[in-house]
C-alpha cells in the first residue's frame, strides 16, 4: 500500500517536472525542474531496492550534471529568447508516443513470455551496495575501467573545449567589440 | 494494489515520450541536452525495475554505465556548446545548417 | 584424271586472281587475255573429261580436303565429274570462253576492264564449284559465289544508281531463296546424316513422304531464286543493267540455270515426290507464258531477251517437274548456246547504237551489221524451235513430254508459249534489222563489231545449229545417271500432226511478227497509240505491276518499319525504359535532397521517424517469428 | 615457362603497362607494339603447345588465395577459350599498331595493355571469383577509353556502359555466391572452382533461378535484346580502337560465359529456357537488323549488325548440340575478326573525313578502290558469304539449332536476308554512285599502317573460311566434352532427349565401321 502511494506520488511528480522541463521557455525553470525530476527518479530506485543506484543518481545527476549545466548556463545569455518555431505538434507527439510504446513492447515481450533467466542473481543476505560492488568489480570490471577512462577523456575534453579564450567573455563585451573581434577572426580565416 | 513491473514500464514509456517530445520540439540546444537526460533517465528506470523484478543485477549495471555516459556526454557537449556560443553568439538549432545537402 | 578436274576447276580462279591484281590499275589488255586463256584451258580440260566420261563411262570423284567437321557433321571439298556435271561443265566453260573473248572487244573502252575480268572469271570459278561439287554444302558455296559475282557484275557500272539498285535487288532476292535452300540442306542433314549427294540420296527412300516433300519444297525454293521463278523473278529483268556479256553468261546461259541443275541433280529426291514435281512443272509452265507475255511488248531488247530466258527456264522446270530430267538438261544446254548468242548479238547492237536499247529507234540495221544480223536471226530461229535447229529438238521434246504424260493443260500452255516466243523473238529481229531506217534521224551512226568478236560468237552459232544432232549421244551419256525415260508418241500420226502443227504455228507467229513490224509506218511509240493505252498493254509493260507492288508493299513498308523500329521502339521504348530507371534514381535523389535541409531539428524528427520504422519492423518480425506456425496455417487456408 | 604460360599471358601486359609509365611519350607506340607482339607470340606459342586431342583444361595453375572459402587463383584453357585468347592478343596488337594520332597516346596504350590483361584473365579464369574480378575489371579500362577519347556524348555513353553492365554483373555475382553456397551445402566445403561446380547436380528449381541470375549478367554483356541499348552509344562514342576491342572481344565474354557457366552448370534450365532465349535471339536478329537498316551513321550500322550477329551466336549456343555450340564458338571468333575489321575500316574513313554519316559519302569506290575492296570483302563476310569465316559459324549455328526447332531456325535464318539488306544498302550509299561531295574527290586510299592492320584480317577471314579445321578441331573436342557433361547431368526427361549423348553417336560411328 505504502509502495503504491509512493510510486504514484513520485510518478506524478516526475512526469510533472519533466513536462515543465520540455515545455517552459525559461532555461532556468527548465534546469530547476530537471534537477527536481532527477531527484524524484532516485526515489524510484530506492523503492526498487537499488539503493546504491539511487545514491549515484542523486550524486551524479543532481550534483555533478546539474552543477555543470548551471555553470554552463552562466556562459550563455539565458535570458535571450530562443525563437522556438513550432512544427506540427501532432507529428511530434504521435512519433514520440509510438516510439515509446514500441520500445516498451519490445522490452516487455520477453518479460511477458517469461523466458528471461537471471544472469547475475542477487545474493541473499547481502546489501545492495555490496552486491553491486561484487558484480561491478568482477564481471563488469573491464567496462567499468573503460567507463572511467571515458569519463577522464570527457573531463579533459570539456576543459579544453570550454577553456579556450576564457579571458574573453562575449556577455561582458560591447557589441562593437564583438563585431571587431569577429572581423579579425574572419580576416584570419580569409588569409 | 500491488505495483508491478508494468507500472514502471508504463512510467518509463511516458517519460521517454516526454523526452522525445523535448528532443523534437525544442530549438534551444541547451534544452535539447535536458531532453536527452530525460530519455536516459526514463530508460534507467526500466533497467532498475527489471533488475528488481527479476532479481538480476545486470539491469542496474547498465544503469550505472548509462549514468557514466550521460555524465561524459554533458561534459563534452557543454564544452562544444560553449565553443559554438563563443563563435556564433547563439545556441539556436535553426542556425546550425552547415550540413545542408 | 584428277589433274584435269583440278585444272578445269581452278584455271578460272587463277585467271580471276590475275586480273584482280590489276584491279586498281589502268586498263591493260593482258588482264583480259590471261583469264580468257585460262578459261580456254578449263574448256580443254572439261572436254577431255567429257571424252573420258563419254567413252569409258567412268566418273571422277575426288575429295580435296576437309572443309567443316564437327560433331557428326563432315563436309569435305569434294568434286565429282559424272555425266550430268560434265555436261554442265561443258556448257559453262564453253559459253564462258566465248563470252570472255567477246568481252575483250566489248569492254574495250571501259575503264573497269581489269575489274570486269576479275569478276567474270570469279563467276566461272563459282559456277564450276556449283556444278562439280559432290555435296550440298559445296553446291551452296558455288550458289552463293555466283550470287556474289552476279552482284558485282550487275552493279559493275557502280556509278549508275539503277545498276547498283538492281545488283542489290538481285542479291537480296536470291538471299530470300537461299534461306529456303539452307533450310533444305539442314533438313537433308538431320534426316540423312550426310550432305554428300550419294549418301543423302541413298538414304532418302527410307524417309517418310512428308519429310521428303519438305526437303523438295525447300530445295526448290532455293532453285526458284536463282532461276528467277515467279514470284522471285523481278530481279532478272533488272539485272540487265549489267554489261551485256554478263547478261549472256550469267543471266542466260549459266547461273539462272543453276536451279534447273539442282532439280536435275536431285532427281532421285523429286522422283519420290511426284506431287512436288507436278507443282514445279505447273509453276514452270506458268512462268513460261507469264514471262513470254511480258516480252511481247517490252521496248528494251535486253529485257525482251531476259524475259525470253525466264520463259525458257519455265520450260526447263516443266520438263524437270514432269520427271524428264534429261530433257530439261538438254534444253538447258541448247538454250545456253542460242540464248548466249542472242545476248551477244544484242550486245553488238547496243554497241553500235551507243547503248540505246529501244528497238523502235533502230530499224534497218541489217545493212550495216550483216554478221550480227545473221547470228541473231540464227539464234532466234533456234529459240523459236524451227527444224532442224537446236530449239526444235529440245523444246518440242518438252511439249511431247507434257503431252505423253497427259498433262494437257501444261501442254497447251507451253504450246501457246512457243508461239509467243517466236513472235517476240522476231518482233525484235524485225524491229532492229529490218524495215525503215529510223536511227539515222535520231543521230546514231551504227558500225559492226570487231571481227574477232563475231568469230568468238561463231562456235555458239554452230552449236545452236547442230546441238540437235548431239541428242543421241547425249541421251546415252546422261542416262547413266538420270532416269532413261524415252518419250515417244505412240501413234505415228499423232506425232506427225503434233510436230508439223507446232512448226506451222510457230512459223505463222514469225510471219505475223515480220508482217507487223516490218511495215513502213512503224514509229517510235510516244504513248498516244490506241494499243499503248489499252489495259492489257499497260499491264504487260508494267510487268503485271509486280515490281510496283514489291516496291510499294514490301520495300517501302520495310524501310518505314525499320525507321519506326529505330526512332520509336529502340529509342523511345527500349532505351527510354533503361534511361527511365536511371532517371528514377536521379529523381529520387533530387526529391529527397530536401530532407537533408541541414536543419538539425528536422533531422532529429527524421531520426525519430526512422527509429520508429525500425522498431516497428522489429516488432513485426518478432511477432511473425513467434506466430510463424499460425501464419503458415492461415496462408495455406487462403490457398497461397 | 610453359607451365606458367597462362599467368604470363595475363600479367605480362599489366606489368608492361606499369613500366609504360616511365617510357618516353615518343617511343611509346613502338613499346606498345612490341609488348603486344610479344603477347601475341606467346599466345601463338600457347596454341602450338596446345594438345588438340585433350578435351579438358590444359596448362592449369592453382594458387590458393582464400582457401577457407575456396577462392583460389585457378587458370586453364581448353578449345573453347584458346582461340578467343589468341584473338584478344591479336586485336590488341593490330589495334595498337594501327592507332592513329590520338591525343595522349601514352595513356591510351597503357589503358589498352591493362584491358588486355583483364580480357585474357576472363577467358583463362577457372575460378568464379577470379572470373568475376577480371570481368568487372575489364569495365574500367573501357570506361576510360570511351570516356576520355570518345565523341561528344562520351560521358553519357561511358557511364551508361559501365552502370548497365555493372548492374548486370552484380546479379551474376549473387548467382555465383548462391552457387558456392549450394556447393557448400552439398559437400561441406566452400569452392568457387568452376570445375568443382561442374560436378554438382542441382535440382531443377534451383537451376532455373540460378540460370536467370547468370543470364542477366551475361545477356547484358552480349548484349541481348532488350538489354542492347548501351551498345550503340558505346560504339558510337568510342574511338576506333575502343569499338574494335569492344566488338571483337568484350562482347564475346557474354557468349563465352554462357558456354562456360550456364550450359554445363544448369543443363535442365538451359533446356527449359532454350525456346524463350531463342525467341529473344530471333527478335534480336531481325529487329536490330531492321534498326541497322534505318541508321544514318555507318558506325551505328556496324554496331547494330554486331548485335544481330550475336543473336546467331546465341541461337547456336542454345542449340545444345555439338554442331551448334562449335558453330557459335567459331562464330564468336569470326564475328570478332569481321566486326573488328569493319570498325577499323570505319575508323579509316573517319580519320579522313571526321564524319561517319553515310550521306556525306558516295562514290568512294572510284576514289579509294583498295579501301572499297577490303570493305567489300569484310561486308560479304559479315553477310555470311561461304568461304569466309562468318559463314562457317553461321551455318553450323543454324544447322545445330535446326535439330531443336524447324520454325525458329527458319525465322533465325532470316538473318542472312536482313543482314544482306542493311549491309548492301550501306555499301551502296557509301561506295556506289557518283562522287558528289567535293571533299571526297581527293581522299587518299588506305595507307601502309592501315594495311598492316587490315590485310591480316582479310587473310584470316578467307583462310579460316576455306580451312576452318585448325580452329574447329580443338573447339570440337572441348565442346563434345561439354555436351557429354550436360547430357550426363541432365535430370529431366526433356533435357536428356534434347541434349544428345555422345555415347550414342560414338556407338553409331563404330557401328558404321562394323558394317
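As written, the chain order gives the labels A, B, C and D, with residue 1 at the start of each chain.
The criterion applied here is as follows: a residue touches a chain if its C-beta (ideal position, glycine included) is under 8 Å from a C-beta of that chain, and two chains touch if they have at least 3 such contacts.
Owing to the predicted nature of the structure, the values given are computational and were not obtained by experimental measurement.
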Innermost chain by mean C-alpha position: D
Comparison of B-C and A-B (more C-beta pairs in contact): A-B
Centroid spacing, where centroids are CA-atom means, of chain A and chain B in whole angstrom: 5
Chain B and chain D, separation of their C-alpha mean positions in angstrom: 63
Computed distance of Cα centres, chain C from chain B, in Å: 92
Chain centre separation (chain A, chain D; CA means) in Å: 67
Where chain A touches two or more other chains at once, by residue number: 87, 92, 95-96, 99, 103
Contacts with 2+ other chains: residues of chain C: 601, 605, 608
Chain B, residues touching no fewer than two other chains: 20, 24, 27, 94
Arrangement of touching chains [line / ring / star / complete / other]: other
Pairwise chain contacts under the document criterion: A-B, A-C, B-C, C-D
Touching residues on chain B, where the partner in the complex is chain C: 20, 23-24, 27, 93-94, 96-101
Residue numbers on chain C that touch chain B, as the complex places them: 593, 596-601, 603-605, 608
Chain A contact footprint on chain B (complex, rising order): 1-3, 5-22, 24-28, 30-31, 33-35, 37-38, 41, 44-46, 48-52, 54-58, 60-61, 63-65, 67-76, 78-83, 85-86, 89-92, 94
Chain A-touching residues of chain C, taken from the complex the two chains share: 601, 605, 608-609, 611-612, 615-616, 618-619, 622
Complex contacts: residues of chain A adjacent to chain C: 87, 91-92, 95-96, 98-99, 102-103, 105-106, 109
